[in-house]
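In what follows, subunit A forms one complex with subunit B and a second complex with subunit C.
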Partner chain A sequence: MWFTVNIYRRLIAVQLKAQLQYRAAFLLEIAAAAITLFMFFGALALVFHRFGQLGGWSLAEVAFLWGLVELAFGLMDLTFSGFDPGDFGQRVRKGSFDQILLRPLSPTLQLLGADFPVRRLGRIIQGGVILWIALALLDLTWTPLKLAYLPLVLVSQIGFFGGLFIIGATITFWTVESIEAINIFTYGGSELIAYPMHIYPAGLRRFFTYIIPAAFLNYYPALFLLDKPDPFHLPAWTPCLTPVAGFGLLGLALLFWRFGIRYYQSTGT
Partner chain B sequence: MHLFWAITQRSFQRHLTYRAATVAGLVTNLFFGLLRAAVLIALYNARPEVAGITVQEAITYTGLTQAIITYISIFGWYDLMQSVYDGDVAVDLLKPMNYFAFWLAQDVGRAVINLLLRGLTIMLIYALIFNLTWPTAPVQWLALVSALALALLVSFAWRFLVNLAAFWTPNARGIGRFAFGITWVLSGFYMPLRYFPDWFVTLCQLTPFPAMVNTVVEIYLGLLTGPALLHALLQQVLWLAILIIAGHLVLRAGLQRLVIQGG
Partner chain C sequence: MSIIKVTNLQKYFKVAKHQRGLWGSLRSLITREYEPVRAVDGISFEIQPGELIGYLGPNGAGKSTTIKILTGLLVPSGGEVLVNGYVPWRERRRYVARIGAVFGQRTTLWWDLPVIESLDLLKHIYQIPAEQYRRNLAEFRELLQLDAFLNTPVRSLSLGQRMRADICAALLHNPDLLFLDEPTIGLDVVAKERIRQFIRHINQERGTTVILTTHDLSDVAKLCRRVMIIDRGQLLFDGRLGALQHRFGGRRELVVDLADDYPHAGVDGARIAHRDGQRVTYQFEPGHITASELIGRISARYRILDLAVREPDIEATIRRIYEERLLEKTGPMLGSNGYR
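Take a look at the complex of A and B:
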């Protein structure tokens, strides 16, 4: 265990050192990413003046959903980037995944340490700021349970999207080309749950509740934390499903990943 | 001119061969379109009209913008940049053709095939799901076609200018990501500009971005008529001229310092 942590730390340290070579360019890129991403929420806030609400939710309530998922997705992207289906597909195509398999170290660990794109800090900062604004505006009644639940939700979301990245990466063992459709679940899913689920047509909502359990990761936690009633009348313990959905998907993804590696055939390049 | 069309045709055919990518892209475009439509419907919350735009028009807007996303291609285009880093730029500059026209010809081919395959398909599928608004008067169709063509040219001139940054820095992708990133909101792609407060719209009008999306949208929905319509088209022409001149000047300065690595 200690060995694993140590190796991971060293892999990340190398990444950081490489990326910090051009410090000015690096800081500029983080700032630029934060500004561009923040423009979306800024635009929604401006438009809110005209409309006043979104599906019955206030701007602060939507900001809570938005900030939380953006923060989680940014953190996930930072740690799981080695599994990003697009980049990973390239690894399979070029045969550089074979190198990883030859090294006497777990391929999962190597990929976690293969990429640590610090420029994703832009997204993390943006998500964090929006969540912070939402919490400041909302004036929630905090209980010890809620205080403990919020970080659990964040970690579950990171696990959930990380799991989707791993599934997308594993599929490229067979397809070689990364399949663009997986983006609907990763990037599309994160955008979808940035808004309250009840605004979507029933088919879309059910798909992202019962097949891809994205609704349990943001919408149901928000209902619980903001003391809002559930329009779909699921049982009161539904918020407990958040870690089950998040870590369950990550666990299944890792099983699929191990299965994939066992059947992996190199492209020969 | 003959050369221009020959290149356009080649580019058209080249993009026609990526069928699987077209289908995958189509599905993604549709998914995001439906998502955006749901958000707008929820914002309206049964109100019939906001800022002169009805719900039906707002839904049509999400379909239209998703349909032209690959046509105008403003959210990421790094081909020219890449050719500078590869060294291909040396060969391209030797070609008996204006450098701007050479890239434009390829882009027109790419754009037209995407408008036909992806754009029309998205509008047709949208028409099956929703009750859409369509342009009616012949004049409106004429204006729409002109606005679409100008939008592509303005978008291309902007992308050309941004990509020229590669002549100065070895990593211009960051600049590109920023320059293309701000267009999502300022062009009126994320939300129709009419929803925004006046000061914000004025700010947007000081940039070339509304000429790439918002003008097309407002003409399609019939929000612009008479002098306002003419004014919007003229504004597109004006931005096109400014960006072409800027691109020409920047290219000239860039060529002074271009060093091609042998190999």
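Take a look at the complex of A and C:
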């Protein structure tokens, strides 16, 4: 265990050092990410200024959904970037996944340590700031349960999106042509759950509730934390499904990942 | 005890068949037809600890596929492999901790990092004791002349420098076996020679078992006592290079300086290929007459001042073997003239 932590720390340190070589590009990218997101948030504020609410939710309430998911996705992107399906597909096609298998370290650990794009800090800070503003505006009644629940939701989301990344990466063992389709689920999913689920058509909502359980990661936790009633009348324990969905998906993804590696070892590149 | 034992190794790949025309490509979207490629097709051999083996074959022969199986990257379709007491792909992580592998076209090092930092990282990954790391690094730095680029990022290294750095990286943990897939590909003569010398050194001084693949015969000729020749997935020859030459090398030549201008310098069992005054070049078939017999016959008739035996060009021999598929026609000569 200590060995794993130590190696992970070293792999990440090396990534940071390598990225410092490109400091200018790196600062620019953080700035660009921050500007894009602020503009987006500005546009959202305009919509609210015009209509006052979105599906019955106030600006601060939507900002809560939005900031939380941005923060989680940014943190996931920082840590799981080695599994980014596009990059990973390249790695497989170039044959450099072989190098991973040649080292006496778990491939999962090596990929977690294969990339640590600090430029994602733009998105992370952005998400954090918006979440913070939302919490300040909302004036919630905090209970110890809610205080413990919020960070659990955050890590569940990180696990959920990390799982989607891993599934996407694994699929590239079979085909690299499907990367766009995979990205729809990861990036599309993260944008979708940044808004209250009840504004979507029923089919889409059900798909992202029961097929891909994304609604349990953000919408239901928000209902609980913001003391809002559930328009779809799911049981009261539904918010407990957040870690189940998040870590369940991550666990399944890791199983699929193992299966994928075995497939890779039978076909090569 | 052999360190590698391979029995009837097979690796078949399924490759999607290309359909012709528009209709064909539409159809292949729905039902793909697969064609098996027999990359490795029933290979057996054993290797003893401390051997330095050349695995020779033309492009597409199945060399890399064999090495990938031996290093645990690929699972074979059939056959058995036991290396260093492990089935490579089954206990991959424990197994790879005791081997080193370099694939000519790819690097194990971190692309954006200075070489020395990659090496330092490997020290931790392989849990190399500090003293061993220090000693190995000092030795390899000198032998591979790494100092000039130890602080250069890997992405800016020349091919030869990168190969040297990679070989160093593969040996820091004192592996029992070293696998090199085309270690000299794309290098100039000087760089090739430096790498060959280093490989020889490691094999002799440390007793590391080395298997190197190449399609460059001079690698093998200069480095390996034992060579395995593979083509189309089959092992055609396993033995000393000399044995191969002996059998397929065609005619050897005996150049003799005679004491007199003999009008007829002919003997039975050899023909005169060239004559320049007292210097006569005889050609003879190694299968029919030995050099010493021939020398005996000549000296029985003529007085000899000096002589030299010229071996046929081995490069040409191998080319002929591939082109005319000589080994397949005669059946594989494993063991017969082979290595003991």
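Observations on the structure shown:
Keep this in mind: the second predicted complex is superposed on the first by the 256 of 269 C-alpha atoms of A that agree within 3 Å, B and C clash if a C-alpha of one lies under 4 Å from a C-alpha of the other, contacts with A are read in each partner's own complex, and residues count from 1 in each chain.
Here is the rule we use: contacts are C-beta pairs under 8 Å (C-beta built on N, C-alpha and C of every residue); 3 or more make two chains touch, one makes a residue touch a chain.
What you are looking at is a predicted structure, and each value in this text was computed from that prediction instead of being measured.
In the superposition on chain A, A:L234 makes contact with neither subunit B nor subunit C. Look at A:A45: by the touch rule set out above, it reaches neither subunit B nor subunit C.
Of the two partner chains, neither subunit B nor subunit C is touched by A:L150. Applying the stated contact rule after C-alpha superposition, one finds that A:L254 touches neither subunit B nor subunit C.
Of the two partner chains, neither subunit B nor subunit C is touched by A:I133. Of the two partner chains, subunit C is the only one that A:I7 touches; subunit B does not reach it. In the overlay built on the shared chain, the residue A:A181 is in contact with subunit B alone; subunit C does not reach it. With both structures placed on the common chain, the touch criterion links A:G95 to subunit C but leaves subunit B unconnected.
Touched residues of subunit A, counted separately for subunit B and subunit C, are more numerous for B.
Within subunit A, no residue touches subunit B in one complex and subunit C in the other. The touching residues of subunit A, counted against subunit B in their complex, run 22, 25, 28-29, 32-33, 35-37, 39-40, 42-44, 46-47, 49-51, 53-56, 119, 177, 179-181, 183-184, 188, 191-192, 195-196, 199-201, 204. Remark: subunit C residues 13-14, 65, 68, 71-75, 89, 92-94, 96-97, 101, 103, 105-108, 110, 112-113, 117, 121, 124-127, 153 touch subunit A in the complex. Listed in rising order, the residues of subunit A touching subunit C in the complex are 3, 6-7, 10-11, 14, 17-19, 21, 94-96, 98-99, 101-106, 262, 265-268. Of all residues in subunit B, only 20-21, 24-25, 27-28, 31-32, 34-35, 38-39, 41-45, 47, 50-51, 171, 174, 177-178, 181-182, 184-186, 190-191, 195-197, 200 touch subunit A in the complex they form.
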